[in-house]
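Okay, so here's the structure we're looking at.
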Amino acid sequence: MVVTGTWYLVLSAMLFTIGGVGLLVRRNPLVMFMCIELMLNAVNLSFVTFARMLGDVDGQAVVFFVLVVAAAEVVVGLAIIVAIMRRRPRATADDLALLKG
Amino acid sequence: MLGDPLLSGGIGLEEVLIVLVKAGVAFGVMLLAVILMIWFERKVISDLQNRVGPNQAGPFGLLQTIADGIKLIFKEDLIPNRADRWVFALAPFLLLVPAFVSFGIVPLGGDFQDNGGVVSWFGRDTYLQLADPPIGILVLLAMSSIGVYGMMLAGWSSGSKYPLLGSVRASAQAISYEAALGLSLVSVIIVSGSLSTHDIVASQAGEGFFGFVPNWNLLLTGVVPFVIFLLAAAAELNRAPFDLVEAEQELVGGFHTEYSSIRFGHFYLAEYMNLITMSAIMVTLFLGGPAGPIFGPGFLHPVLPVVWFFLKVMLFLFAAVWARATVPRFRYDQLMGLGWKVLIPLSLGWLLLLATVRVGDDQGWNYLVVVAVCMGVLVGAAALMAAALSSAHKDRIAEEVS
Amino acid sequence: MLELVWLIPALPLAGFLLLVVFGRRLGEPGAGWLATAAMGGSFAATLVVFLGLIDRPGDDRFFTQTLFEWVPSGDLSVDAGFLVDPLSISFALFITGVATLIHLYSIGYMHGDPNFSKFFIYLNLFAFSMLLLVLGDNLLLTFLGWEGVGTCSYLLISFWFTDKNNASAGKKAFVTNRIGDWGFMVAMFLVFVTIGSLSYVDLLGAADGGQIAAVTATGIVLLLLVGAIGKSAQVPLFVWLPDAMAGPTPVSALIHAATMVTAGVYLLVRVNPVIASSFGWTPDVIAWVGVITALVAATIALAQNDIKKVLAYSTVSQLGFMFFAIGSGAYVAAVFHVITHAFFKALLFLGSGSVIHAMHEEQDMRRMGGLRKFLPITSVTFIIGWLAIAGVPPFAGFWSKDEILLYAWNNNVAIWAAGSLAALLTAFYMSRQVFMVFFGESRWHEPIPAEVPAAAAVADDATSEAGGNEDAEVDPETGDAEPADVPDHAEREHALPADFTPHESPWTMTLPLVVLAVPAVIAGGLNLPFTKDLHFFEHFLEPSLFGNEAVLTGGAGTKWFVAGASIVIALVGILAAAAVYLKRRLSPEPFEQKAFAEGWWIDSTFARLVGGPGTAVFNAADWFDRTIIDGTVNGVASGVRAGGTALRVLQTGLARTYALSIVVGAVLIAAWFLTRASL
Amino acid sequence: METFVFLVGAAVILAGALGVVLSASATRAALSLIGTLFGIAVLFVAQEAHFLAAVQVIVYAGAIVVLFLFVLMLLGVDTTEDLSIEPITAQRPAAIVAGLAFFGMVMLALSAGADSVTGMPGAFDPVAGTVPDIVALGRSIFTTHVFALEATALLLTIAVVGAVVLVRKAETIDPDDDISPQLQDASTEDGEEA
């Protein structure tokens, strides 16, 4: 049995779906953040797979940038969460609905 | 130059066997080294403090560590009521495993002078190291970042205040110094031109300056990265003078206060494994690893590199013990200040300097001019940063007063 | 050396920018000196360019420098570039020269003003705009300068804007200029439609080559004439210029003598090939506009008592001379008169400023007199200016005016007659002014004659009152503009202490007077009529005129006759004025008609027109704007608001709901692409 | 061999992912996340992306998840979330339906173009190992993508500064925070590091 790129891609799709559903059903902002990381990782996996299938290292370069941007995103996102949580401990994502129309 | 020659010709039974043997040897060497190191430390400290130290168990008290281990195993295994049991059990291994994995990338021997570090076992060419991944030295960083989880989760899962404080301290310290560690490591990579530990050692094996000064990265990188690495490694290892994690006066026992019995033994083991691994890594990166003069009769040839390696590691181990016996502990803010305001900027600046010199080499610029200009820029930047720091300090004082 | 042309406008611009940034810090007098230095440098650059130009052979004196493509838009491509030819450089020369002197003078005049540096900011910007107008190599760049000088004149006229009259004078100048700008813009469109380019090179080349139909050319010229009438204050749009006296005196000198008002003359001379290819009656229109202006303004000037108003109307009148010179085909004479006029009128204005300065802001000539003794330099230079404008040989004004009248005679004797009458009146009212101000007894402690205040109030404030009504044009809702209830001089009566004696002005003010007096005497030498060889200026300008200068048909006899008539007219005017105002042999009553004093009721007619039928039109426009346009806009807005209210329900504020909608969207997009792929 | 690695890796990844989504405790979720990240790193190695595997561990496991844990510990927000309730009506079934629909779409696309990725094949062949991936990657990043590299560097700097500012402000607004100053110090320090 030979592992083809499609295997990785299916795995990536499953991971992405799990992350996406998790983002939709979880209320703890930190866990939602983790689900976003799951989705990013799914995408990274597919990029690396494509890089191998196409023999083009640019796929890996994209993953590199995704990593960096994810780090930046987490830093700012967590800072925001910390700022919010200090004011309203135990707030869930549903409690932060100040922007409703 | 593409990894271990052992794996280049397909994988058969012999290869698997050889790898298993290597793993066994490495693990055995490590365990033995830890046992001896604990004894060694106690003995040296006793000597420095003018007392005798362990002398009952076995000759010179050599078996003292084993006795302590047996005692630990038979002690009661306590898990606090409020602890997160699963994480509590997991934490020691998170510390232990990375320590050993890191050791796997260290070349322990091999004739780097004539043979490129290749040894022959059972008719197969291989390196005398457990693994030589192409990203070699990054494994060290990866593993040390995993080690942080061990400390962090151990403290957190205990469900108790002191361990939590200890773990926050320890992990903050580890993360802070990891940056400086990584940056000084990059200096080595720039000079050696490879991430693989084998290649790094090989690059240091050649003839040095004037025929007798070794071609070590210690000199090629200009000592500064080595000093930074040494300090950062001490902080990573929570060794004196950065052993704030175990500052008994403040934190009881640090993040593993609630651990007892063999779980505590794991931490203890991991700590010393880390110490040895880090010493070995430093030898690999800066002191040429097992590379050294090969001479004498034929049977000595495979042995001499191991001896050189052992001697160099001993140097660091002794230094670690020495520091513990003599240097007073830092304050926490001093520790953070040193890491963030001195080591990181310094290693960054030095990295830039080395990179510029490298570019200058390629472009054929005048070496002296490049260095002079770089130094000027660095001194200027340092002055700017000092000014910024002092003004920030003043602001903070003013804020606190008001 | 011609490549340095960009420096000419660049220096005032640099001065402007520097002053905007550092003006307040430099303060007084640093800001003034900086501005003056910028102008001086610009003058020097102009000189260099001028020398470079005359260094070239006569038919090669046409140089364009393109800086960059300014407006690339479809077919329309306009470069920002400069055109150096004898015409533009003549203008640039006297503009920078006079402007430098005026800058210098302003340092003294504006002494102690709280907005000292701001004044110089405006002055430099004004000079920059004017130079752009003159040096621009296409109509659009000229238009930019045209608008720039308009804006700056607005800013400068209402410089002391805290006084309502000054502010409304500025607005009046601005609004009146708009009418002219409309003409200019439509002319530009016409030019672009006709030849597909706005550059002078193309336009003049096309016109010279006969590629523009006479109808089109006439349209262009008449529309440009509308622009020129607005900018150069010709009948019927001259009403703003006398009001513009509200600005500081250096502004009056800069705007009314050297620069802005001559823009119209420049423009018409610039497009002379277009005029040449238009219908034959077009020049006559220009000529009649000019000559009527000259006459009307001269009559009004007879009855003015404000020292600056007299000069203002005299400017309008002199501009009329230039216009009918253009209409008569005497382009050289027109430009020549522009230059001499720039010198002597700047001199007169600055002199009047010096007088006003000495009299502590008193501007009523009836309260002056005998100032000769107190202001020696001012009076001598003012008298030189007077002789120049009155047309007494050998002063500069005589030569240019004589030239104009000669060509007028050549063109149409009726125009000559009217022009000569205007010249006579000019000599008369200028002499009246000089006699009232510098000769006779000092009257500054006397009260104004009993019957005069009411009349004077009417006469003096007729224009400013109309200014209030102009205000009404801008803002129709305040239909009843507040009349100026207190006459200015009533306030000033208390301003002069009992032991008041006028004093001479500081050197920064008198130096420009002296410097300007020199060309006012000798500038006639530029273009002496005696032999062909002495027509320096005519030869110099030749490349810019494309041979469109009118040819004199009469012989030397005509020349001598016209010249003699000019001299006689000037002397008669002066003597008559002396008889009335110096010797008091005759009553001034017949000369100071009410119609003259009220400016032929032109201003008030405008005001009534705008206030009556005009208001109705404005109200209709207002209704249209409120109901139809605002209604549409508000309708759209309320529609959007209603939609927003309906859609607001969707915005739950819950991040997870949003995320769900994103996922649904992603699914839909994926489905869309899949269906497309399968097709 | 690769099959084995893939299966183990996939199992770890999916187990970790499910752990993130299903565990009530945020800390457990974070630990599960580490598992997933490791699995991904393993699969990276299996696909000869050694450098990315190392960076994956260093950045994600070493920095990002550590940050999560720090926040969890310091703010005490590690309350177990009651997964049996769902405040938003129909959110959960809708989420599952949407997720499955998305997965179905991707599967459709994959089955339509199985093993036939479009595009020009490049010169880089990670399996043959002629050029180490790190060399190829380095060339790509520092030549083709050098601008993006600079941009991300800038982004990181801005992010760090922004994070510090965000957290500091909260301190001044709310001085009666229940966190000891020492711990706050540590959290700030940590924010700077990442």
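Letters are used for the chains, namely A, B, C and D, taken in the order the chains are written, and counting of residues starts over at 1 for each.
The rule is short, and it goes like this: a residue touches a chain if its C-beta (ideal position, glycine included) is under 8 Å from a C-beta of that chain, and two chains touch if they have at least 3 such contacts.
Source: prediction; values computed, not measured.
Colleague: Select, from all pairs of chains, the pair with the highest number of C-beta pairs in contact.
Modeller: Of all chain pairs, the one joined by the most C-beta contacts is A-D.
Colleague: If you average the Cα atoms of subunit B and of subunit D to get two centres, how far apart are those centres in Å?
Modeller: That gives a centre separation of 27 Å.
Colleague: Give, as an integer number of Å, the spacing between the C-alpha centres of subunit D and subunit C.
Modeller: About 71 Å, centre to centre.
Colleague: Using Cα averages as centroids, what's the distance between subunit A and subunit D in whole Å?
Modeller: So the centre of subunit A lies 6 Å away from the centre of subunit D.
Colleague: Determine the centre-to-centre distance between subunit A and subunit C, using the mean Cα coordinates as centres, and give it in whole Å.
Modeller: Spacing between the chain centres: roughly 69 Å.
Colleague: Going by the contact rule already set, what residues in subunit C reach two or more other chains?
Modeller: Expected reply: 654, 656, 660, 663.
Colleague: For subunit D, jot down the residues that touch at least 2 other chains.
Modeller: In subunit D, 51, 55, 63, 88, 91, 94-95, 98-99, 102, 106, 133 touch at least two other chains.
Colleague: Show the residues in subunit B shared as contacts by 2 or more other chains, in ascending order.
Modeller: In subunit B, no residue touches at least two other chains, as defined above.
Colleague: When you draw the chains as points and link the ones that touch, which shape shows up: line, ring, star, complete, or other?
Modeller: other
Colleague: Chain pairs that touch, all of them, please.
Modeller: Every pair of chains meeting the touch criterion: A-C, A-D, B-D, C-D.
Colleague: Note which residues of subunit C are touching subunit D in the complex, please.
Modeller: 654, 656-657, 660, 663-664, 666-667, 670-671, 673-674, 677-678
Colleague: Over in the complex, which subunit D residues touch subunit C? Could you list them?
Modeller: Residues 88, 91, 94-95, 98-99, 101-102, 105-106, 108-109, 112 of subunit D touch subunit C in their complex.
Colleague: Note which residues of subunit B are touching subunit D in the complex, please.
Modeller: Touching subunit D from subunit B are residues 2, 11, 84, 87, 90, 133-135, 138-139, 141-142, 144-146, 148-149, 152-153, 156, 164-165, 168-169, 171-172, 175-176, 178-179, 195, 332-333, 336, 340.
Colleague: Over in the complex, which subunit A residues touch subunit C? Could you list them?
Modeller: So the residues of subunit A in touch with subunit C come to 20, 23-25, 27, 32, 93-94, 96-101.
Colleague: If we count contacts the way the header does, which residues on subunit C are in touch with subunit A in the complex?
Modeller: 647-656, 659-660, 663
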